[in-house]
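As structure tokens, here come the structures.
One chain, chain A, appears in both complexes that follow, with chain B as partner in the first and chain C in the second.
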Partner chain A sequence: MIEASEIETKLLDFLKREVFAPEVVVTPETDLLASGFDSMSLVRVLLFLEQSYGFWIPEGEITGDALQNVRSLATTAARVLNAR
Partner chain B sequence: MNLTELLDQTAARWPQKPALIEESTVLTYGELAREVGEWVSRLQTLPIDVGARVGLAFPNGIAYVALTFALWRSKVVVVPVPTECPEEEIAEIAATMQLAGILTPKPRGECVVVAPDCHFTKLNPATPPDNHGLNLAFIRFTSGTTSARKGVALSHETIRDRVRSANQAFGITADDTVIWCLPMAHHFLITIVLYVEVGATMVLARHVTAKPLLEAVNRWKGTVLYAAPFHFSMWARDNSGAQIPSVRLAVSTTCALPQNVAEDFFKRFNLPLVQGLGVIELGLVALNTTAPREKWNSVGRVAGEFELRLVNPDADGAGELAVRGPGVCDAYVAPWVSRTEIMRDGWFFTGDIGRLDAEGFLYLLTRKTTVINLAGRKVFPEEIETVLNRHPAVSESRVYGKLHPHLGETVEAEVVLSSAEAKLDTIHAFCREHLASYKIPTRFTVVAALPRTPVTGKILRAAPVA
Partner chain C sequence: MPGKLPLNGCDYLMLGFDHEMRRHGYAGNSCQIELELDAAIAPEFLRQRIALLVNRHPILRARPGGWLMPKWKLPGEDATMPQVRIHREQPGLREKLCDEPLDMKRGELFRFDLVEPVGGRMNVIFTWAHTLMDANSAEHFVALIGREDVPLPAVTPPVSARPQKTFREKFQLARKSVQQLDEFIKNKPRTVGVRFPAAPKIQRFRVERFSPEETARVRANGVKLCGAFGGAQFHAAAAMIELHQLHQRVGKPSASYVLPVPVSLRAKGSVEPLFCNQVTMMMTQLLPAQLDTTANAVAALKPQIAQAMRDGLIEAGVAIADLSRSLPLIPYMFMLKLGLRGEICSFFYGDVAAVTPLLTTFCGANVREFTHVGATTPSPGIGAIFYSFRGELRITVFHLETHFTTAEAESFAKGLRARLLNP
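And then the complex of A and B:
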């Protein structure tokens, strides 16, 4: 069982480090799309999760709701990873 | 000629027709032409000479399109600067392309405010650029090693020719509404310019997930989808049941279409995905509009007025793809290599290995170049190796593509460390400082030595690994 909170922490670190510009403040509530998150960012995130958990989360699982913020993305990822 | 004439003609013919739709903003062709005019007046206040090269570092949007046409009207050469580039890459583009300045939405150091959301940073190229008498419109910067040819230059006339040739295959008309999802910094000429010439409507879809995208298609009655396999894969798994009956053409571009994506998308929307072959030096060489279902993995028959041949075919008929036709690039920029010198006996060698079937459909097998295709973004191994090799703990490195079932390829690296204490973390952080994030290898492997060719001792280039 992977906790959503664990994924959230990892994602926050990854997004700060590799996706967003240094000046962007990233919190669990950050609106991803409004901060410039695009399809290439999603590719990077899915690759990161695949590397961390050994499973490719199908793109189709990522809905607009999942991309609301970092927390919802982590919750979606946890759901898919735990259901595999 | 100037490409803005294409916009003027469309605006004169259909001033009320929607040109660009972004969120709920609908801009007609008449309004787009006026907006271009306003940008031209603002640009006139800047220290930019005719024939100068200016970097455009804007995200997708109405301003991107309007600024491009305004720069063209001002007889300035547009050099797209992808917004994901870190400062160091921008500096390299600026230096090698001899940019007179760069336009950005946000202020960037010492700059002039052109408009509230447009700033101009003046740069001082060491030597003024020489366009060799060509009526240049556009230079696509392509990175690589110091010895590689950087920058593909296209004149207004060349772009017009390739747009017209491409549309013999696309068949896009004023009745079409194109749903646009790709970064304009990487795709513009045989797409946006074509849509402007024929008077089609472009819907700039900002959201990539299925629900808002399908809503946009149905709200604006989209007829053409133009996106990457990654997008189509996402939409294919939408479970809302929404259909997109207005779409007549769905083009999958940027990288090879995986079979499961082609099938899933067809099952979900009863719409075949059409693949094509676009080459920055040539334009649209082939498009599979005639048998996208039966021959889903073919890029189609040769498009427009292009001719192709396979050089040195093997026993199975596979050979290097050579092409000739309208719209071949005018030159490479740094160092300058003219079109005549680029072509070999009048043919352009693409570096792709292809095969033709009995009906003339082209299949791409592998390529001779080492460029890695990560979900449609081109990544040059040499560029990443140059950065890696500058790290004090790295004595040498080799970057290669790893085949990925959903993304085409991913970027991986092998490094030979100069000290046993070196930490991969620091190398990773170093990459982050110097490379756009998608170019950072997803995996680093420490190796004792790299394989070399027996004769020249050069590092052996790896083919994509499974």
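And then the complex of A and C:
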């Protein structure tokens, strides 16, 4: 069982390090789209999750609701990873 | 103060394309942004804003120099200042401006043309050298010129913040990219070549505008086929199907089509570094059998993008561009021509997403309409740039008259529009 909080922590670290500019404050509640997150950023996140958990989450699972912020993205990822 | 600044790898590639286009008699690798304003603006105010930025960033009047190893050469005080010109609206003016090359050797890296139509409004046409900046930078730069409330960019050399790699690391990455291209070449991609050698060496464009309802429909279709965030892949897949159909209509179908997908290298949430290209290309290939339905084209494209990222081909593209700087210009141009002769790129595709919200006003006037115009090299001779302004989708389709007729480009654009609405 993978906890959503564990994914959230890893995602936050990855996004701060690899995706967003240093001046962007990234928290679990940060609005991803408003902060410049784009389709290539999503592919990078999916790739990061694949490298971390050995499973490629189909893009179809990532709905608009899932992309609201880091927390909702982590919750979606945990649901899909635990259901595989 | 005279001096020199480096071009990054991507700038260098863009300069190479500029040479290639000019060598064939076209205007060069310059692109345009057109703003339709609701009121006339004062040219003097515009000149003052430009002077402020040019004095702060001398690179804005630099010239590409250095015969063997190109660099930006920063001029002394006698350098040509960027132009602001004023025109009366007349038939054919827009096309004339589109085909007028920038005089980069004299430091003309951008130009503003103010066109006064009837009714007191004004159109602003901003022409910019792709060697200096990319499309996202160009949007931000226009906003900087036109709005005093936008913070000025940092006065630092325009270098990437990406981690530097050793020559050995770059070489290993570049090999991956070359291996991928070798695989693509096995499927014999071919563009149409110059079909009308006697045609004038000009580029033409047309803009497809989508209403808010149509934009929502295109977005919904993209979500259905590609997930919540796959709009760009949907656009690219639709464009490649229409390209294949265009090739079939002109009697030159290709055994495969190579699509370079641009990837922004800027950290999200930042516009800097501003005065250098921060884009690399992720190469993908589509076979005619994959271009029968939009769903099939998307299904062929998506795994290629994921695999390319998995294989580190973004970094490989950066490495190739970086390594190209180490080549003297003449051998590099020879390599570039070899690549173009191999018809590696079948289509120029850009997707810059939403136009910066800063461009709702310019020099005090409201921006009623916004248009991006890209540039294409003699091969493949056609391309499209996708963007949205005030939430409405726009597509500018541009083509070279030596390769496609205006009617053919129009049929491509209309087909693309129909496919996005009804995939």
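The rule we apply is simple: the second predicted complex is superposed on the first by the 84 of 84 C-alpha atoms of A that agree within 3 Å, B and C clash if a C-alpha of one lies under 4 Å from a C-alpha of the other, contacts with A are read in each partner's own complex, and residues count from 1 in each chain.
We take it that contacts are C-beta pairs under 8 Å (C-beta built on N, C-alpha and C of every residue); 3 or more make two chains touch, one makes a residue touch a chain.
These numbers were taken from a predicted model, which means no experiment stands behind them.
Residue contacts after overlaying the shared chain place A:I62 against chain B and chain C alike.
In the superposition on chain A, A:D31 makes contact with neither chain B nor chain C.
In the superposed model, A:R17 makes contact with chain B only, not with chain C. Contact with both chain B and chain C is seen for A:M40 once the two complexes are overlaid on the shared chain.
Look at A:E3: by the touch rule set out above, it reaches neither chain B nor chain C. Residues 19, 36, 38-40, 42-44, 46-47, 56, 58-64, 66-67 of chain A lie in contact with chain B in one complex and with chain C in the other. Contact residues on chain A toward chain C in their complex (touch as defined above): 19-24, 35-44, 46-47, 50, 56, 58-64, 66-67.
By the touch rule above, chain C contacts chain A in their complex via residues 223, 226-233, 263-264, 266-270, 302, 305-306, 309-310, 353.
Against chain A, the residues of chain B that register as touching in their complex are 59, 84, 181, 183, 206-212, 228, 230-231, 233-238, 374-375, 377, 405-407, 410, 429, 432, 437-438, 440, 442-443. Residue ranges of chain A in contact with chain B, taken from their complex: 17-19, 33, 36, 38-40, 42-44, 46-48, 51, 56, 58-64, 66-67.
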